[in-house]
Structure formats: structure tokens, C-alpha cells
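Going by the order they are written in, the chains are A, B, C and D; count residues from 1 in each one.
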Amino acid sequence: MSKIRTPLILVNFKTYSEATGRKAVELAKTAEKISLETEACIALAPQFVDIASIASTVSVPVFAQHIDPITPGSFTGHILPESIRETGAVGTLINHSERRLKLADIDATITRARESDLLSVVCANNATVSAAAAALKPNMIAVEPPELIGTGIPVSKAKPEVVSGTVDLVKRMNPDVVILCGAGITRGEDVAAALRLGTEGVLVASGVVKAKDPYKVLLEFAESITKP
Amino acid sequence: MSKIRTPLILVNFKTYSEATGRKAVELAKTAEKISLETEACIALAPQFVDIASIASTVSVPVFAQHIDPITPGSFTGHILPESIRETGAVGTLINHSERRLKLADIDATITRARESDLLSVVCANNATVSAAAAALKPNMIAVEPPELIGTGIPVSKAKPEVVSGTVDLVKRMNPDVVILCGAGITRGEDVAAALRLGTEGVLVASGVVKAKDPYKVLLEFAESITKP
Amino acid sequence: MSKIRTPLILVNFKTYSEATGRKAVELAKTAEKISLETEACIALAPQFVDIASIASTVSVPVFAQHIDPITPGSFTGHILPESIRETGAVGTLINHSERRLKLADIDATITRARESDLLSVVCANNATVSAAAAALKPNMIAVEPPELIGTGIPVSKAKPEVVSGTVDLVKRMNPDVVILCGAGITRGEDVAAALRLGTEGVLVASGVVKAKDPYKVLLEFAESITKP
Amino acid sequence: MSKIRTPLILVNFKTYSEATGRKAVELAKTAEKISLETEACIALAPQFVDIASIASTVSVPVFAQHIDPITPGSFTGHILPESIRETGAVGTLINHSERRLKLADIDATITRARESDLLSVVCANNATVSAAAAALKPNMIAVEPPELIGTGIPVSKAKPEVVSGTVDLVKRMNPDVVILCGAGITRGEDVAAALRLGTEGVLVASGVVKAKDPYKVLLEFAESITKP
């Protein structure tokens, strides 16, 4: 977990054209620049095919967007945790709202992540589900009300009770879990609000990737956690 | 479709540890060597994360093991056809028995492959399903009885009627579709038998990847199609 | 197939509250009344739990909304074809747009329906997918553009080319398949238009179930096929 | 929850031919007879289509094998909680190993069960997953190691630590949850062992349904909890 510090800004590249292939590497360089300038910990979750080129180009930590709960074998079209690790990623999202998993598979996936030396960030849609996820002992939980994702309406302002409720429930069950929040975050003050609610970072996507000027937005995010 | 010629040997790397990361690149070099020596067309379907390194290292055509029927956007953890193309692949498996898709999604995925300049190879479990797949106008169909996959019992010998029945049904519906067969193929004579049954190639996996000497097996396959 | 005649009006009860439990039986009685009055063939597809009470109360043919491609055994929460038949249904929808299946499972489900003496009605979203479904030899195909379902914009008027294109493609492949169309049908003239395009019936849902006066709408449908 | 008392014997009929249609009603009568004779609480989970006939024939409580997290509407082929309740069931299994659900859907399904006045019994494959399920506040949790289901090797003897570990973890999180265990239970002493490990009942299936003499086996189970 050496490269990861909190507060953490984790940028999910999804399958946006602005963050695919060469553009993904460019965005990764922008994130690295800001990370070096501000000393904020910025991590990136690009598409599977772009992990290798990003991890070999920049120094910021790279996450997968998903792994499957499999061991090496006959699993055509699936994501082997060991292959993600070998490619240079240090962690993985699990159960993102766009890639929900069965409960038993989340448990097995967290185990496979640990065995493959990958940090696990389990996404959850509310405080109750976050508490359930915490029982499975991942490294981090990212609470994201799906109805706010991509809206520009920040969870930390529109639904602060979801965030603080998650912090309460999760910390009571498992004080070691790092809690992030996400959905609708587009400004530095949204990030600051998230930290004030007890989280240790944010999971962001379109707010950065689809911004007119990603450098400016990500710099604002970084400064909001380093110059609070 | 420039780089692809028939008869075709398409090697699925699945998520075998023998074909992950650096080992995947090594196996790709072996395939390239044989391809250059024999002039057989050998294509490779590695894991997503290994496509870039293989496509930039060897001259043999590379396929993805799966793509999702999506356009750029909010699809965390999914496989964007355009990103596969940009990474250097020329085609993709669709609906492998270990990654079955819904019918409407196979239709949409073939369309997305075409739009992204990727060859589509739809896998099917029997002659009837192959005929259904042919109605969707993919570039190729690979018929594989799931119960023979990984057994070493070659479909071309154990179930020749499945192969010839597929050729009959598919060619009647759509004479332009290239037909491959797979499952249990481990020897050159299995490949030759497949061609005699009317196919234009084979889809292989463990027979090559998990062989004691992949070079020897793949050379035997290549010679069986170039020195019939 | 004794009780089923074409032209056919097949009413999908979905999980509408207006067609659940006692209300489902009431709606079935309404359909039976119209069927007896007009001699139109009206079939009903209620929820699983309501099949028994409807099939034992009315004389109109009953369909399931879905079955699973399973044989008796350990399949908790699944739909066994034999149990549907024993309950009094004569057929089943397969692959409705709200319950899409994998291609290989549609093939297996059609086989299981046949073995269980159930008529198979495979739903498809466009002409190409209908052609693929026809290769699997179901009894009927119902083409429904998903974007029109529940809109009140009738497929037979908004997308006549989808309906006639389906008729063309499917009949060329398999002239024995009965073709229905659905989506947005709310008036008798929509039904008549569907028949003029070459179909032998319609698959309807909200247009009847959620109508202010289901009797009136269904009577209009029935008369449009019996007094053309 | 009036009709349900602990210790509870919950018999899952799965899709066994021995527990389908008329045979399901016969088996329900057998269970009712034993329940009346021994005063043991025996509940039954038949297939959806058989709920109505069983609930209207016998006095023992009936469960569904699954419900979907939906409200009334356009969900062809799905299981509406309200329809299950109206049919006479008092509860439902959720997330059985043969019908696993996504984590967010388990949360939503428990809520829908509560809103529909149905008891929720969430199945889990190990102690950790049971703890996660407990965070979602169902009425009961049934822990069943999938590898023992249908084997005749009783979980209460082969893996007592899974059962006692589940009791420990779950009770610490949520002392109100009733804990059942299942898998491989075929004799009265297996049931007694389950209770000694801290559970309040068992979830059984083939051990009863596929027994040569279900009456004898179920009587043995019932006496093991009423004459301990």
C-alpha cells in the first residue's frame, strides 16, 4: 500500500473516449504533474487495455476498474487478478454501480485481490450496503448514490447524510476501512465537504475526465485536500 | 481483414498462467516464429491487459477474447470496442462458452465490432445455434461443443457430425461466413480432420497453451494446414 | 396446439398490479367473455403464481412469461417447464425484452418447451434477431422494438419496416413460424395494421392491462381480427 | 411473523419432480400432519406455481424460493413480492446458492419483502458473507456451504466451525436475526447438532424431498427439535 496515501483522489476513467488509449496516457500525465506539484495522492482507474501503458509511463498509482473472482484457468474474457497486478496496477475497484456483483462474488473477489497484492475498493450505493461491504473487510469502501453519478450534483452536498451515515456505520464495524465517497463531484469545495463528513477521499469520473480543462479541475481537487 | 488468411489457427490464451503477462509475450513470439516459418496464419487471443504488449511486439494478428456492445461512456469495468482496436487488435471473440451473451447483445456486439473495424468470431455450442449466429452476419463462427473443451477429445473426431452439420446449415444461410471449430484439439491430425469436414480453421486453447512444448504442438498444427 | 388459433391476441400481464392475484382472474374472465363473444383467439400470460387459478377458472389458453432451460433438480427459484405445463399453461414467452436470455439458453429453452408440451413464443427486438431466433425453430416469434414498448406508439405504424422485414426474413428461413408483433399497440386499427404487414397476431400488455376500460380495448382488438 | 416459531424446519422443494404440482401438495400434507403431531414448526418453500394450491390446502407456513426487488410494473417473467404475499406465502428465501443476487439487490429485496409483509431468509455461503447479510437486517439468515448441498454430509458435523462462526459474527452485529443452517442434513441428529451450535433451525431440501420415506425423515427432524 506504499504508494497510496489519504486523502485520496481516485479518478475512474470509465470507458470515456476522452480517457481511452493515447488520451488516457495524456490524462495520466496531467494527473502525475498535479500530484507532483501539490503532493496530493491521485490514483487512476483506466480501462484494462490501458493499464500497462499508463503504469509504465507515470508514477501515480493505477487501479483496475474490476477484477473477476477467478484463479488462472479457463475463463475466456474474464479479468484475472494476477494479470492486473503483473501489469502494474496496485488495486482495483469492485462492484461499481455500472458493474455490480453478487454478494458471494464480492467476498471472493476481495480475497483474490488480497492474494494478488491488490488493494480492494468496494463501491456501495448507500450506508446499509456499505456496512455489509465492510463486513467483508476490503481496504476501502466508496459510497456512491447511483442517482447522482454523472449529474454534477455533489453527494457531499445533496446527500450528506448518506456520507456521514456510511462513515458512522462502517467505522463502528471496521475502523480500518478507508471510506471514499463519490457521485456528482465537480468542484474543490465538493471534495472538501466530503472530507469534512469524515471520508478520506473521493471517487470521481466525469467531473474530471469530461471537464473542459481537466488540469484545472484536478488541480482544484488536489489543492482542496492539501490546503484545506 | 488484410492480415487474416484461411486456413486459420486461432489460439485463445484464456486466463492461463502459462499465457499471462511476460509469458503471454513469449508464447506470442513462438507463434510468430512458426507463422513466419510455415506461412500458416496464426492469430492470438490474449487477455485484455496483454493485447498492447503483444500487438506491439509481434506481427501475428491479435484478437480480444470479448468486447461489450457499448459506445464510449459510463461503463466502468466494461470492454469498449474502440479501445480494443486502438490497442492493436484486429478482431474479437464473441459469446465464448465461458462468456456467453444474450442474443440481442450478440447482435449489437457484432455491429459494434464492425463499426470499430474489428473482425467478429462468434462462438456457438452446436449446429443450430451456429445457424442462429450466422443470421447475425458475423465474419466467422467457431463451433465448440462445451463438453469437449479442454478434454483432449477432438471435436473433429468425436463429433464430426456437429462440425459438418454446422458447415451445412451455416453455408446455406450465409456462404460468406468463415467457419472454425474447436474443443479438444491437440494434434495436427485433429486440425486436418477439421478442414476435411469443411471448416476453414480451428480455435484452440489448452492444446497449445498448456502443452509441454507449445512450439512443437503449434508447429504440428501449422504444418497440417500448410502441407496437407 | 389445439386451443391456439391465428390471428392471435396474446396479452402479457407483466407484473402490473392491475393484473395480479384476484385482479388477474377478473381480467382473465373479461378476456374469456370477449373470446366467446367474438370467437377471436385471446391468450393470456399472467405471473407464475397466478397461472393455476386462471387456467382452472377460464377456458382461454394460458402462457407463462418465462421458463428456465432446466430439468427437474436443484434449481431453487427457477421455473421448471414441466411444472408450468402441469399447472395448466399451454405455452410460454421466451426472451422477452424484460427477461433477455443468452443465445444458447434460448436454444435449450425452446427444446425444453417442446419436451414439456409447451408452445414457444420467442421475443426479438428487430428483424435480424428474429431471423436468428427462427433458426432455433420455435413455434412463434414476437418482434417488439424495445424503445416502443409501453409508449402507445404502435410498432405497426411507427416502424412498419421492422414488422415486414421480420416477416420477410423469418418466412424465408422457416415458413412454419407464426409471427406476432408488439409494442405500443393500443387500438384496433394498430392490430389490423399488424395483420396487413403479414403477422398472424399481436403481443400486447399495457395497452390492455392498464387501459381505463380493458373490456372495451380488448373487444376492439378482437373485432379488428374477426371483422377485418 | 405469527405462524413462524423457532426452532424452525424450512423445507426447500427446489424444482424436484418429487415436489412439483400434485406431489408438492401431497408432501405439504405430510409436513402438516407431522407439524400437528409434534408441534414442530415446519415451513415449506415450493415452486412459485405451487404456492397457491399449497397455501390454500395446508396450515403450515409457505415461503417463496425467491422474489425480485421490483414494484408493480413492466417486469415480464419476474417475481413481484406483492403477488407472492397475496398468494398466501408468509416469507421468502433470498440469495439461495442456486439463485445468487447482487449485493445491492439483496438490500432492495429485503426492503421489498418487509414492505410486502414477507419474512426474509437470506442465504449465505460462509460466516463472513452471513455477517454482511446481517448488516442488511433480514429476519433470518441461512448459512449453507455450497459444496455440501445435496451431499448428505451434514454441515453441522462436517463444518461446525462455519455454523458457530456464523452465529458468533451475526449475533454480535445483529442479535435479532434468526440463524438457520443447511446443507447435507439427512438425519435427526444433524438437526440436533445444528441447534447445539447456536442456530434456531435448519434449511433442508433433498434430505427430505428425495428421501425414500419423507414422512419418516421429517418426523425424525421434528422430534429432534421437540424432544431434544
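Methods note: a residue touches a chain if its C-beta (ideal position, glycine included) is under 8 Å from a C-beta of that chain, and two chains touch if they have at least 3 such contacts.
Treat the numbers as computed from the prediction; the structure is a model and nothing was measured.
Enquirer: More than half overlap in residue numbers between the two sides of the chain A-chain D interface, or less? Answer same or different.
Expert: same
Enquirer: Relative to chain A, which chain has the most distant C-alpha mean position?
Expert: So the farthest one, by centre of C-alpha atoms, is C.
Enquirer: Taking each chain's centre as the mean position of its Cα atoms, how many Å separate chain A from chain B?
Expert: About 34 Å, centre to centre.
Enquirer: Could you tell me the distance, in whole angstrom, between the mean C-alpha positions of chain B and chain D?
Expert: The separation of the two C-alpha centroids amounts to 45 Å.
Enquirer: In angstrom, rounded to a whole number, how far apart do the mean CA points of chain A and chain D lie?
Expert: 38
Enquirer: For chain A, write out the residues touching at least two other chains, lowest number first.
Expert: As it turns out, chain A has residues touching two or more other chains at 97.
Enquirer: Which two-chain combinations touch?
Expert: Those chain pairs which touch are A-B, A-D, B-C, C-D.
Enquirer: Given the complex with chain A, which residues does chain B contribute to the contact?
Expert: 12, 14-17, 20-22, 45, 47-53, 65-66, 70, 72-80, 82-84, 86-87, 93, 96-99, 149-150, 205-206
Enquirer: Could you pull out which chain A residues touch chain D in their complex?
Expert: Per the stated touch rule, the residues are 95, 97, 100-107, 124-126, 128-129, 131-137, 169, 173.
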